[in-house]
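Multiple structures are listed underneath, in structure tokens.
Each of the next two complexes has chain A plus one more chain, namely chain B in the first and chain C in the second.
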Partner chain A sequence: MNITQEWNDILDKVKTWARVNSPWLIHYNSGSCNGCDIEILATLTPRYDAERLGVKLQGSPRHADVLVCTGPVTMQSRDRLQRIYDQMPDPKFVVAVGSCAISGGAFQGCYNVIGHIDEVIPVDAYIPGCPPRPEAIIDGLVKLLTAIKTGAPIQTEKPEELLDVV
Partner chain B sequence: MMLEMTQKEEKFIIPIGPQHPALKEPGHFEFAVDGELVTDATVRLGYVHRGIEKGAEARNWNQNLYLVERICGICSHIHAFTYARGVERLAEVEVPPRAQAIRVLVAELERIHSHMLWFGVAAHEAGFDTLFMFSWRDRETIMDILEGLTGNRVNYSANVLGGVKFDVTDEHRKTILEAVDFMEKRTKHYLNVVTTDAMFLQRTRGIGVANLQQAHRLGILGPTARASGVKRDVRVDAPYSAYKQFPIKMVVETAGDLEARFVVRLKELFESYRLIREILNNMPEGDLQVKRFPRRIKPGEVISRVEAPRGEVFYYIRSNGGEMPERLKVRTPTMMNMASVLAMAVGHQLADMPMLLVGIDPCFSCNDRGVAICNSKGDHDQWTWERLRQHGIDFYAEKV
Partner chain C sequence: MEAIGNIVSLLFFPGGLFVIFAGLMYEWLDHKIIARSQNRIGPRWFQPIADAIKLLTKEEIVPDGVNPVLFAILPLIALAGALTAALYVPMAGLKPAYSFAGDLIVTVYMLSLLTLSIGLAGANAKERFSLVGSTRALTQLFAYEAPFLLALLGPAIAAGSWQISEIVAYTETHTWMMILQPIGFVVALIGLMGKLELPPFDSPEAETEIVAGALTEYSGRGLAIFHLGKGAELIIGLTLITAFYMGGVSNPVWFLVKTVGLLAVLAALQSLMTRLRIDQTVGMWWRYGALLVLLQWLIIVVVQLV
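On to the complex of A and B.
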């Protein structure tokens, strides 16, 4: 019993180590204006180079650890968002990028917009901005990774004041 | 015999999207294939449809400036520019010349960043990731300028109704000119790459050809059309704003294939560099904004056309004299070009599809202007011809 416990602890450590050093991202645009998506892509290119953190953007939800969402959720893309989230293996993390993903942003009240990401799937980290700068996106990712590493609660909280503005 | 018949009728369909490694944005494609050859293609759009046109009717004239900017995060300035131009014409307000020049300056800077962005993505789809990284690195130079000028990298909010928000100082002028020189050098290099690199040419030369007749019939717009020999550019055909003082030359190619689309877009950049230099060296003096812009706009309707990086953006605006528009209609170039992808896809290898799609520089967030109607059960409400006819008869019978 004890041996299995120890063994599991070691295995957990190895898993966390691997997870923190090579988080694979999947990106889904559930109704954004493209601004956030472009900034996410810019984060991976030479000037900002998020790949030095081991981050890799790739296509299949089955290989991903972190789901990066942009934009408000439209009626058509809700099912897809849900499906992508369900297809990801556990443990999974969700990052909402941009004020649209956090609160619906400029599109609040449009008829085809259901709302923000955390009305559909649970979100772990929020990165505000319209769009957030690449530095902000890196900062959000680092906070998420630190939280995974230490097991502490994630530091980025939903900025309440953003909700009041619109 | 029977077996053969059924085999012939069966189609093998490959669905792609809305979330797919080859697509950066959600769109759903279905390619019917015979072996590797595509025999039919359909598209389903609307994943990013947010209902902006209707939303605009619930926001006042000023708020809408920020809403239309968020139709597309790549050509955000163009949308705000088109909208502002329309509303200013409705209100019969004349924008000061300096403001007009600054608007065009930002529009051309935006064209450079958009074309560089497209160039990188297209290179990525061709499997040429080094070029992708290089072009995006160079693009950051322009992003720095835009940020220095306006304060934001994307969605700059350069416009207000009746002018612009910021001035271009001498310091700006110096940095912009330096950056433009650098970009010009790089663009020359890229033009050299896309026209001489054998690997790249394999993916682009003679692929996705749309000749002049097809381009006219399909209503292709923007650089995609100019690559097929269509002489259509709003900046030249109907010069607006500062393009009247600073004319631009149209870049036209005739080959109509993917290579021509690369060449047109890259050559257009040289025109943009020239124009930016010209504007900066001959900046008109004067105010940045009109003194007062009315809160209510008198009744009337107006159309406004502007050449975006991807083609012509068309706005129809109607006012009923209130604080909000009565109707705002937006037509974006990708919507028009999408049909050409479906037409060109037939007869090509499946492996060419990403390049074909990226060749028109698609922007789905501009594109998604409508959704399918769903009834309460969630399935699509399709009307048969018979039902439509009956509806027509009933509708007019009631009216009489």
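On to the complex of A and C.
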């Protein structure tokens, strides 16, 4: 173990600490019924005050770290979702909020729906619910942040039992 | 020995690291006071530091169609301007590191470099939101700059000098300028809010209309440096106004008490008011701000002649 190695370890720790403590979100609705979007906005209001965790909603994908997606992916919104994901600077994370984002939900099999979020972009955390409560969204976010902190593999397999929930 | 002194004043105090760190802390205090007045808990004390480190370690995307040299150098010019201005103000209640006759003008124009850089950065990107944001930022610059400068020159005329250290020496021994020149104080305070693009003057970066204004295309390092520059400008502006209008800053304790008090007033104004349209901002400054300050000047001159 030489000095450069130790120095790099310290730098990595500082980087991870900063990353965990300042997740800036961008929110995209790729075809949801707006139920989940209302819950996400409720999470950011003074009652739940996500700013105490460092969460800030950003307008520009260039400023954001976490892409919060709701709803199934419709044919029209696939390109937009892909483009927003590409516009974000690395390291970037994706959170799928709600049953539709996980499995297509009530829109499964519709003629204009491609499917769930991770058929288009890789997803790091899933928050089930129709719609999930603000507490559930904060919990999912904290799980994502814990995974970043401990260095656990974040791109987890989608829980199989969630696929059956329609 | 002198060389060591110069390096310390450029890199650590009162330039460089001290201003950056103090700026981040004042930014946190500002956010915390706003959060408390909205009945929230608000961010933790290290929040701006974590934000800055995270942005500095993120990937920086240079978009197509920009001039890459300008894209990289504009944030640095903005931060350098703010840090240079810190050398001429009585930071933390101590004497300015450097001082010469007329340094007030230099300081005020060093502070405008930030807005100018943001405007150029927005115009550099080939993107509509950046362009709208930069137009608004530059329009706002022309709106508040003249009244702000005139408001800071009020105490200078009373003191009979355009050198910051001499003005501060004058204000420390006389009645608070805030009481003698109330109009100038109000205009200077609101001018600082316009300079920092705080609500209600945040139409250049209105996230509900134009995404993030001129800085929409900036990610990572550039965005972080612009943020640091803004924090530095917050603390320098507060120092200037307390030194001129609130009876000077004779020692670090008074400096802390007075600047934090002024910051609380700024935060209260921010949480009270909603965003003005850009034409309302310009109209307000030129119809009322500039005229009121000129009236203030007239009164000062008449009082001094009599």
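We adopt the following convention: the second predicted complex is superposed on the first by the 154 of 166 C-alpha atoms of A that agree within 3 Å, B and C clash if a C-alpha of one lies under 4 Å from a C-alpha of the other, contacts with A are read in each partner's own complex, and residues count from 1 in each chain.
As a convention for this text, contacts are C-beta pairs under 8 Å (C-beta built on N, C-alpha and C of every residue); 3 or more make two chains touch, one makes a residue touch a chain.
The model shown is predicted, which means the values in this text are computed figures rather than measured ones.
Applying the stated contact rule after C-alpha superposition, one finds that A:Asn8 touches neither chain B nor chain C.
Of the two partner chains, chain C is the only one touched by A:Glu51; chain B is not.
By the touch criterion defined above, A:Thr150 reaches neither chain B nor chain C.
By the touch criterion defined above, A:Ser22 lies against chain C but remains apart from chain B after alignment on the C-alpha atoms of chain A. Between chain B and chain C, it is B that contacts the larger number of residues in chain A. In the superposed model, A:Gln82 lies in contact with neither chain B nor chain C.
Residue contacts after overlaying the shared chain place A:Asn112 against chain B, while chain C stays out of touching range.
Contacts of A:Cys130 after superposition on the shared chain: chain B is touched, whereas chain C is not.
In the overlay built on the shared chain, the residue A:Gly59 is in contact with chain B and with chain C.
On chain A, the patch touched by chain B and the patch touched by chain C overlap at residues 46, 58-60. Residues 18-22, 24-26, 46-52, 54-55, 58, 66-67, 70-74, 76, 117, 120, 132-133, 136-137, 140, 143, 153-155, 363-365, 371 of chain B touch chain A in their complex. Per the touch definition, chain A reaches chain C in the complex via residues 14-15, 17-19, 21-22, 46, 49, 51-52, 54, 58-60, 62-63, 65, 87, 89-91.
On chain C, the positions that touch chain A within their shared complex are 31, 35, 38-44, 46-47, 49-51, 53-54, 57-61, 129, 207-208, 211-212, 215-220, 223. Partner chain B is touched in their complex by these residues of chain A: 26, 28-39, 41-42, 45-47, 58-61, 71-72, 74-77, 80, 84, 105-107, 109-113, 130-131, 133.
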